[in-house]
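In what comes next, subunit A is part of two complexes: it sits with subunit B in the first one and with subunit C in the second one.
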Partner chain A sequence: MLLKIEKETHAQMHTLEAIMASLIMVAIIVYTVQATSLTPLTSSTANAHIEAQLQTMGQDMLNALSYSAYGHDPDLKTDILNWDGKQYVWNGTAYSTIKSPIYELQSSSLARTLEFIAVKRGIAHNVYFSWMDEEGVTASRRYIYNGDPSNNAVVISKRVQLSNGDVGNVTDFETRTGIPDADNSTDFYNIVNVKMALWRM
Partner chain B sequence: MDSKGQMTIDYLISITVFLLAVVFVFSYTSGIFTPFQSNSDEVTLIADRVSTNIVEKRMSAGDEGLPNLINDTKMNDFFTELDTNYEPTIDSLGMNGSYLRYDLNVTAENSTDIIYAAGEQIPPRVNVGQTRRIILCRDDDTGDTDMIILSFRVW
Partner chain C sequence: MKKIDDSAQLLLIAGFAVGVGIVVITVMLSNVIYASNMASESSIDTSRYDIANAIQTTTEAYQDAYIYSNGTYGDYEDYIGSYSMKASQNYATAGFTFHLQNHKYSQPYFTGNGLAGGKGNWTLVSNVNTTEMFYITPNTSIMGNESNPLIIEAVSHSGSSLWLMRMYNTSGTINITVIVSSSTPSYRNVTAVTPMEINVTGNQINGNNVPSFNYPLSASQDYSINIYNGNTTAGMCTISGNLTPDQPFTLMRHYVANPTLRMSSGQMSINRTVPILLPGGIA
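Moving on, here comes the complex of A and B:
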C-alpha cells in the first residue's frame, strides 16, 4: 500500500483531540475578551451604586434650585426666563457658546450649581429644556451640552410652570427660546420640563 | 494489531469528564475571587439610609416639597452632638447592632471650604460606603440659603 491507510487506526481520536484543543482556545479567547472589556463606563450591576448616587445628587440639585426664597421665583424658573435660546458648553473655565461670536452664560444659578458640584467632581452633565406646544407635540432644546451621554448616564427631571405674567413680553420670549404659549386664552403659558443628564467620565 | 476505527468506551468517558472539567473551570474562575475583592455593598446601603435619616429628618427644615432644605441650627447641633457624644449618636442612628458595629464620618463642604467635620477618622484598608447629599441650608434669622455638600462615610 502506497498510503499505508490501515496503519493509522486512531482517526476518531485525533478529531476529538482537535475539538478539545480548539474548545480550550476559544474559551480562553472569550474569557480574556470578557475580562478586559470591563471599563469604568461599561454599564453593569457593578456601578449601580454610582448611578444611584448621581440620581440622588441630581435630584438634590434640582430640588434646591426650585426653592423659592422669600416667596420670590425659584432659581430654576429665573434661569428659564433669562435663557437666550443658545446652547452652552463648559470650556474649562466657563459655560460659553461654541460658534463665534462667543457668549458666556451669565447669571445662571443652574450653571453656578453645576460648576460647584459636577465640574469639580468630574461628572459630565447635559441640561435640556423640553415642552409641549398647543398641538401636544413635544419639543426639546439643549441648554448646556457637553456631548453624548454614556450608557450609564442618569436623567433627572423637574417641571417648571410658567405663566404669562412670569414671561412678560410673550412674543419676544417665544422668538428667543422657541417655547410657545400653550394656551392663548388663559394666563397659563407653558410647562417646561428641565432634564439633567449626569454621567461619570 | 488493532484495526478497528471505533474508539474505546474508556476513552469516551475520560474525554467527557475532561470536557466537563474544562467547562466548569471556565464558568467558575470569573467569580472565584469575588469574596476577596473590596466590597462595599452593605456599608453603601447603610450610608444611604443614614444620610436620608439625617438630612430629611434630623436636620430638616420641615418643608415637605423640599426634603433637602435644612435648618442651619439643627445642622450645627447635629455636628456638635456627633463630635461630643459620638457613641450615643451612632446608637441612635441604629448603626450599633448586637454583632456588628459601624462607624460614621460626616463632612459638610460649601463652595469654598469644609465647614463642618465630625465622627471617627477613617482607618486605612477598610471598605467604605459613601453617600453624598446636596443640601440647601437656610439661616433661620436672615432666611439666606447656601448650597452645601454633605458626605456620609460608613465603615
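Moving on, here comes the complex of A and C:
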C-alpha cells in the first residue's frame, strides 16, 4: 500500500514537470516571436520587405512619369520646367505653400501621382530637385516637403536632361528655380536629379 | 534517499532537455528571419534603374544635340561633350563611372532601330487618325531590287490594307507602285537621283507634281503604318499628323547615331550600344 502511494507521487511529479516544461517552452517561443515582430516603423533588417515595396512603388511612379510617346516631353520634365521654385506641403486636401496656404501647386503630374498613390496609402513623401553647377558643385532644393524622413525611408531618383530649347528663357528659369545653365557655350542646359523619399507614417 | 536522488536527476535532465530545445528553436527562428531578409534585400539593387535612366537621358541628349546644332557637326559634338561631362559628374555622386564614346551619325535604314541589321518588318506608327505630312527620301544607291522592294503600307485595325507603296531600283530606274485598297495598281518610273524626295501627301517627287499617290490623309478609321523589307533600303523619313485620341505627333528619321555607353560601379560594369534616331520624335 505504501509502495503504491510512493509511485503515485512520482507520477504526479512527472506530470507536473512536463506541464511546467511545456509552459516554459511556449513562453520562450512567444517571447522570441514578439521580440522579432515586424511593424511598419521597425528600423532593422526585418523591415526590408516594406522598404523594397516602397522602392518598387517609387520607381514605378517615376518611370511612368518619364515615359513620353512620339516625342512629347515626359511629364516629369514638364513638372521641372513649370516649377516656380517654391516649396509645397500636403495640407490634407492639396499641395500648398507654407507661407500662403491658399497658393496651391498647379498642373503638376508628380503631385497628382503622389496624391493618388502615396497619400491614399498613408505614405509620407518628400521630393527634391538637385543639380550641379558649371564647377560641379551640387545643390538641392525642396519641391514637396512633408517633414524629416524616418530611418526606414527609401530614396528613389531619376535624372532628367534639359536643353536651352526646353527651358526657353534661360535667365528667367534660373532666377525662378535656381537651376543654372551648366554650359553657356552650348545649347545643353543641365541635368536635374529628381529625388523622392518615401516612408511609412 | 536513493529514490529522492533519482527524482532530482530526472528533473535535472528534463531541465537540460528543455534548455537545449529552446536554444534550437530560437536559432531556427533566427535563421528563417535572416534568410527571408536576405532574399528581399536583393531586390533593392537599383543599378538597373540607373542604367535605364542613363540610356533615356542619353537618347534625349543626342536628339536635342542634333536639333539645336542645325546640321553643324561641331555644335552637335560640343553639346554631347557637355552632356557627357555633366552626366559623369552626376553619376559619380551615385557611385558610378559614366563614359560615352562614338558620337558620329550616319544615314539610317528603314529598319526599326535605323541600323542595317535592325528589324526589317515593323510598325512605324500606330493609331493614326489623320496624316498631315509624309515625306520619304530613299537613298537610291542603297535600295532593294524587284525581289526585295521597300514596302510602306497603311493597315486598318482589322488588318485590311488601305494603301500600299512599293519601290525598288532596276538598273537606275526607281519603280514605284501604289495600291489603294484593292484597286488597280498605279505605277511611277523615276530616274534614280539622290536625294530623291517623295512627298506622299503633297503628290510630288523632288518638288515636281506627279499623279496623286492617293494616300489616305483622313481615313474613316484609325490605321497603322507598317514597313516591310526596311533592311534593303536606306534613307530619311518624316511624318506628322494626329493620333487617336487627338494627339499630335511628328516622327523624323534623318540620321542614326550608335554610341556606346559604359557604366561601372564596385559591383558591376556594363557596356551598352544604343541606336538613336535623329532627330527622333519631336513635338
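As a convention for this text, the second predicted complex is superposed on the first by the 158 of 201 C-alpha atoms of A that agree within 3 Å, B and C clash if a C-alpha of one lies under 4 Å from a C-alpha of the other, contacts with A are read in each partner's own complex, and residues count from 1 in each chain.
The criterion applied here is as follows: a residue touches a chain if its C-beta (ideal position, glycine included) is under 8 Å from a C-beta of that chain, and two chains touch if they have at least 3 such contacts.
Bear in mind the structure is a predicted one, so any value in this text is a computation, not a measurement.
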Practice item. Applying the touch criterion given at the start, work out whether A:H49 contacts subunit B, subunit C, both or neither, answering first, second, both or neither. Key: both
Review point. Looking at subunit A, does subunit C or subunit B touch more of its residues?
Key: C
Practice item. Have a look at where A:S66 lands relative to subunit B and subunit C in the superposition and call it first, second, both or neither. Key: both
Review point. Of the two partner chains, subunit B (first) and subunit C (second), which one does A:N164 touch, if any: first, second, both, or neither?
Key: second
Exercise for review: Scan A:L23 for contacts with subunit B and subunit C and give back first, second, both or neither.
Suggested key: first
Practice item. Please indicate which partner A:I191 is in contact with in the superposed arrangement: first for subunit B, second for subunit C, both, or neither. Key: second
Practice item. Considering only touches as defined above, state whether A:T113 meets subunit B (first), subunit C (second), both or neither. Key: first
Practice item. Check whether A:M57 is in contact with subunit B, with subunit C, with both or with neither, and answer first, second, both or neither. Key: first
Study note, to complete from the structure: Interface residues of subunit A shared by subunit B and subunit C, listed 6, 10, 13, 24, 49, 52, 56, 63, 66, 69-70
Point to revise | subunit A residues within the subunit B interface of the complex | key: 6, 9-13, 16, 20, 23-24, 27, 31, 34-35, 49, 52-53, 56-57, 60-61, 63-64, 66-67, 69-70, 113, 116-117
Revision key, fill the gap. Per the touch rule above, subunit A residues touching subunit C in the complex are 6, 10, 13-14, 17-18, 21, 24-25, 28-29, 32-33, 36, 45-46, 48-49, 51-52, 55-56, 59, 63, 66, 69-73, 132, 136, 138, 154, 156-161, 163-166, 182-183, 185-188, 190-191, 193
Revision key, fill the gap. Seen from subunit B, its contact residues with subunit A in the complex are 1-7, 11, 15, 18-19, 22-23, 26, 29-30, 40, 44, 48, 63, 66-69, 111, 131-136, 143-145, 147, 149
Practice item. Over in the complex, which subunit C residues touch subunit A? Could you list them? Key: 3, 7, 10-11, 14-15, 17-18, 21-22, 25-26, 29-30, 33-34, 36-37, 40-41, 43-44, 46, 49, 53-54, 56-57, 60-61, 64-65, 67-69, 75, 78-79, 81-83, 86-87, 89-90, 93-94, 125, 243, 247, 249-251, 280-283
